[in-house]
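Each of the two complexes below includes chain A, the first together with chain B, the second together with chain C.
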Partner chain A sequence: MTDTIQYAKRRFEAVKRSIVGDRDEESTLLAGREGNAGVHLQLWFLVTLVVFPIFIAVVVSTKQQGIVTSLPDLIPGTYAVENYREAIVDYGFGRFMWNSLLMSVVVVVGKLVISVLAAVAIVYYRVPYKDLVFLFVLFTLLLPVPIRFVPLFQLINDLGWGNSLLAITVPYLASATTVFILRQHFLSIPTSIVETAKLDGVGPVAFTLRVLIPMSRGVLVGVSIIMFVYAWNQYLWPLVIIDSEANQVAQVGLQLLQGDVQGGQLSWSLVMAGSVLTLLPPLALMILFRKPLLETFAIQQK
Partner chain B sequence: MTTITLRNLRKEFDDVVAVNGLDLTVRDGEFLVVVGPSGCGKSTTLRLLAGLETATDGEIRMDDRDVTHTEPKDRNVAMVFQNYALYPHMTGRRNITFGMNATDSFADEEIDRRVAEAAETLDITDLLDRKPQAMSGGERQRVALGRAIVRDPDAFLMDEPLSNLDAKLRIQMRAELTRLHAELGTTTVYVTHDQTEAMTLGERVVVMDDGRIQQVDPPQALYDFPTNRFVAEFIGDPAMNMIDVAVEDGVAVHDGFRIPLPSGKTVDGTDGEWLDGTEAEALADPDAGDRPTAVLGIRPEDLYPARDRPDLGETTFDATVEVTEPLGDSLLVHCSVGDATFKMGAEPRSSLEPGGTVSVTYDPARLHLFAPETGEAFYHSATAPAPAGRIDATTND
Partner chain C sequence: MSTREIFDGRLQAALLLVPTVLVSVVFLYYPTARAFRTSFFKAGFGRAEEFVGLENYATLLTNSSYHSSVALSVLFAALVVAGVIVVSLYVTFLIHEVDSGQDWYLISVIWPYALPPAVAALVFLFVLHPTLGVLTGPIEAVGIDLDWFNDGPQAFVVVVLAAIWKQIGYNVIFMIAAMNNVPNALTETAEIDGVGRFRRLVSVYVPIMTPTLFFLVIINTIYAFFGTFAFVDLLTSGGPSNATNILIFDLYREAFSYFNFGVASTKSVVLFLVVAVLMVIQFRLTEEYSYYGA
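Right, the complex of A and B next:
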């Protein structure tokens, strides 16, 4: 008899708890929604701020003259096909884009290979003074390519690489940033995984290819995209070292587009068409690989 | 099947001595548990066995092979880690076979057969095509065990494999490990900080502290005959009470009580001679002056309110109840007598109120005396002779 009474009482308590609990949950949910609205408003504002210049560029690239001075000028024109055709075909922008793509891919692949090897050596091998070596690698950040232009120019010409793909890729193959990011990532992989492989007799090459790289896929993709955009945006060095039009890259090609100024009449619509074109490959990559990119650079909650 | 022998094994990290002169024999097919507080060197010892650390000094032998400087992969040992160490991008099957594929020493059909066999043993057949992410902690640990057993290693090395599991699962896996060991009979060294795990799993238990072995014994012997204060206080929960006493005429004397010491066994007498209380007195420090001449150790579960156990004899003393902690199956009573405090196990529904007085009695067969300076045990009142395994253990083969 007492058992039954206690059961009823306990059940009542449980029901009461669940009802009260539910109501609490609902109210926090509502508060969350209100908070979200504010956040969304801010996000919209910021996104608009960032996107607006690009929007103008797209609009201008569809016009004949492309001068925007008032709001009605923001209505797209009808010269889109004409402008893009002229940039790609007449000004050889397609060729520049292809060169840029080649350069960027070579730089990214080369950087990844060298950086993975360097990071593996730094993290997993007993190298004497390896912290010092790593520090030295980081020191190269203080000496970016632009500072080395003059001797580098001399060196490339002495090697007879002038005007070639080698000239615009090799100087960028080593990357302290990538080594650093990969090192941090490798350090975050539990040592027990490395030790299991060691006990299983998995060799260093098999370990790197079959364990380390698959486990670092996200970071590698993220780093690749950043490096691709960086390589894609190279301007000064290709301008200096490449002098044949056939080997030139897109960013320099943009400059060439506005070279045709006649009587102070700069064809902004052409320049903007070129700009929009150069924007597309990095944008496509960002959209395609946004997930690994966010995973790599988001602050991880642990 | 392998016997592992450690001789004077030593490991230093910079200026820290992690393992300080270990001598130990792990018998063929034995389940040996190494237990100790964190930083006692137990994990380092295991890593030395695996070859993941290099010994500073000393020797490791597996059967007749000196493996002290052998590469991990050539030792033919399998290790199970606390965090399972599964490759997150591989399925259960791939995780198990990856190491076997790497060495080229197994044919494909052989691998398939062994995986099927191990999966059967561990009941993980349906986990083989899942990635670790889609497994629970217990399932992951099973797959990790599977990876260890398919290679049919000479020894299993387990580094706190159950610590990441919840309490219920841990107890279940504990039973499973025991069953697995009975089935495979592979020499196993198991490291844990959890004394319950050590007691339940180990055929013999090594208690380590400060880089040294404190005692090697079967679980019950460890509990009944601790060689020093550290082992006495580490094994058993709640910990053994330690009270400073003077030993006079075969009686442990304290302000609040006088406990006669029955004939017992000395740890010190290498020929296993029996010792009575008077002799214990001789071993206690006679020049102590005002200092205690011995430390009396009694486990809380060997102390009783006198009215609960009238059978235990006439020696009782009065103590003040300070705090009571109901544990469900018993009531833990914190008491004080004179300047000493101790804990006592009482019947779960005893009506003992803080501030009240309780008459305390004890099991006279469960008294221990320790030297105050060194902490070494020099007297146990237990009259039962030590089991054969224990004699064996002290000489350590």
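Right, the complex of A and C next:
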């Protein structure tokens, strides 16, 4: 009998909380859960699966021949320095990495600047048709690279930009996603702050530099990481438009290394060294800036 | 009345918008319009364009190898989307439930967000290499003869697995945010009612996460159609015997192996219709289910 009353009471409390929306019950909740060893075990298994292929790549990149046909072969070798040096210097991977870095930085900085300008106009200016312009920009989400790379190839060659840094940066500069995220963030800045700035007679330039940007640091870092990962990981467009090795990016450089393996001139350990090198920059940025990155994703979905 | 619209210089506003609009028009809208136009022409390198009306579209309608590429892409997308959603949802749930080390587990499964598809493809190629792969021995010990350089269905499965692997990170990022937004009191109510863990996931969390899951289904579908070119190019080159020749790879080959820019443009238009339909569906679903998230 008392059990039933207890139950009803707890149940009532719980329902009340669900209506009020209290979310600070973490500690009592977790204490009540059972079987955490099982959860850990399953997580370990899944994490191992997700990390395993890259672990193999790292191990192989330290070996002489890169032949790893069984699990006991997974002890790291001693050729790490030699392999990475050979990939970077002898097979031009340093050059590919530099080109990728140049491309990504130009895309990130360029996109960030022109997207901030557009978002400022869309949020803080009282002008006609600006919603229409916003829709016009948003509509470009329907036009990803894969549906326009054939005519884009023709256009870039008509412009005489083939095989250049311009070809792999300028077409990426307009970004519906970035403008959208910045707009959402600007709309979340309290109007009182904006109106105070207006009363103080702050002009648009000073407003952007002294009010908006300091209040948007996290989001600006977050979108920069999203844009960097996006630009760095591009494969199809550089493959199509860049045809000299000197200007090639790391993603396509990997394909060139792989071609040498198929041709029998190269061992797999160098391809894996190249793969690890190509993974490092976006991975490092993501881990370093994971907090602003995750916060920015939260804005994107709203 | 409070407002954010504190400036009203029309010329200033226009100048601020010019760069984004200009790049959009020149490098996004114009090439798309040009693809529509070229789809009615016979065109290629150094050849004069020749107007052929709907001939390219008729070619695609009657071409059986294009039909199988369409079917293959739909199957591919279905498997990738289902695989990514199920695995990511389960991993997310485990991270949500675990009592310690959450941050560590989270970063260990979301890192593939940063993984370049080309790297993912090459690492898979090596790990599952029919003669050199580390996993080849163990897999063959189970009784599967790994021969995906020659076996079409096996090659298809390898590309699907690599594509799923790369996309898990992105999905967990969104799912964990949605799952953490479920009010704890709801979880507690379910626990007091004696609802088991797994049923709590299926009957409590999944319905509340519906808007996020719809968003991810659409994003993953677009990824499966357009973001997987590197996997096919590096793992199988569309083979063996077109077993992995999905639409985006087929389009690339049409343009840059056969140099039929006319037909390739027609195929671009078809892909545009695929994106457009997906976006419309997403928009509709978001409207319909948005009250859940609010």
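Convention: the second predicted complex is superposed on the first by the 238 of 302 C-alpha atoms of A that agree within 3 Å, B and C clash if a C-alpha of one lies under 4 Å from a C-alpha of the other, contacts with A are read in each partner's own complex, and residues count from 1 in each chain.
Criterion: contacts are C-beta pairs under 8 Å (C-beta built on N, C-alpha and C of every residue); 3 or more make two chains touch, one makes a residue touch a chain.
What you see is a predicted model, and the numbers here were worked out from it, not measured in a lab.
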item: Partner chain in contact with A:279 - chain B first, chain C second, else both or neither; value: second
item: Which of chain B and chain C A:173 touches, first, second, both or neither; value: second
item: Touching partner for A:51 - first (chain B), second (chain C), both, neither; value: second
item: Residues of chain A touched, compared between chain B and chain C (which is higher); value: C
item: Touching partner for A:192 - first (chain B), second (chain C), both, neither; value: both
item: First, second, both or neither for A:215, with chain B first and chain C second; value: first
item: Touched partner set for A:258, first chain B, second chain C, both or neither; value: second
item: Contacts of A:201 with chain B and chain C, given as first, second, both or neither; value: first
item: Set of chain A residues, in rising order, touched by both chain B and chain C; value: 192, 195, 197-198
item: Complex contact set, residues of chain B against chain A; value: 50-52, 72-75, 77-79, 81-83, 85-89, 98-100, 102-103, 147, 151
item: Partner chain C, residues of chain A touching it in the complex; value: 7, 10-11, 14-18, 20-26, 29-30, 32-33, 35-36, 39-40, 42-43, 46-47, 50-54, 56-57, 60, 67-71, 73-74, 114-115, 117-118, 120-127, 130, 133, 136-137, 140-155, 170-171, 173-175, 179, 186-187, 189, 191-192, 194-195, 197-198, 204, 207, 229, 232-233, 235-236, 239-240, 251-252, 254-255, 258, 268, 271-272, 275, 278-279, 282-283, 285-287, 290, 294, 297-298, 301
item: Contact footprint of chain A on chain C as seen in their complex; value: 2-10, 12-14, 16-17, 19-21, 23-24, 26-32, 34-35, 38, 87, 90-91, 94-95, 97-101, 105, 107-120, 122-127, 132-134, 136-138, 165, 168, 173-174, 177, 183-189, 191-193, 197, 212, 215, 222, 225-226, 229-230, 233-234, 248, 251-252, 255-256, 261, 264-265, 268, 271-272, 275-276, 279
item: Parts of chain A lying in touch with chain B, wherever the complex brings them together; value: 190, 192-193, 195-203, 206, 210-211, 214-215, 217
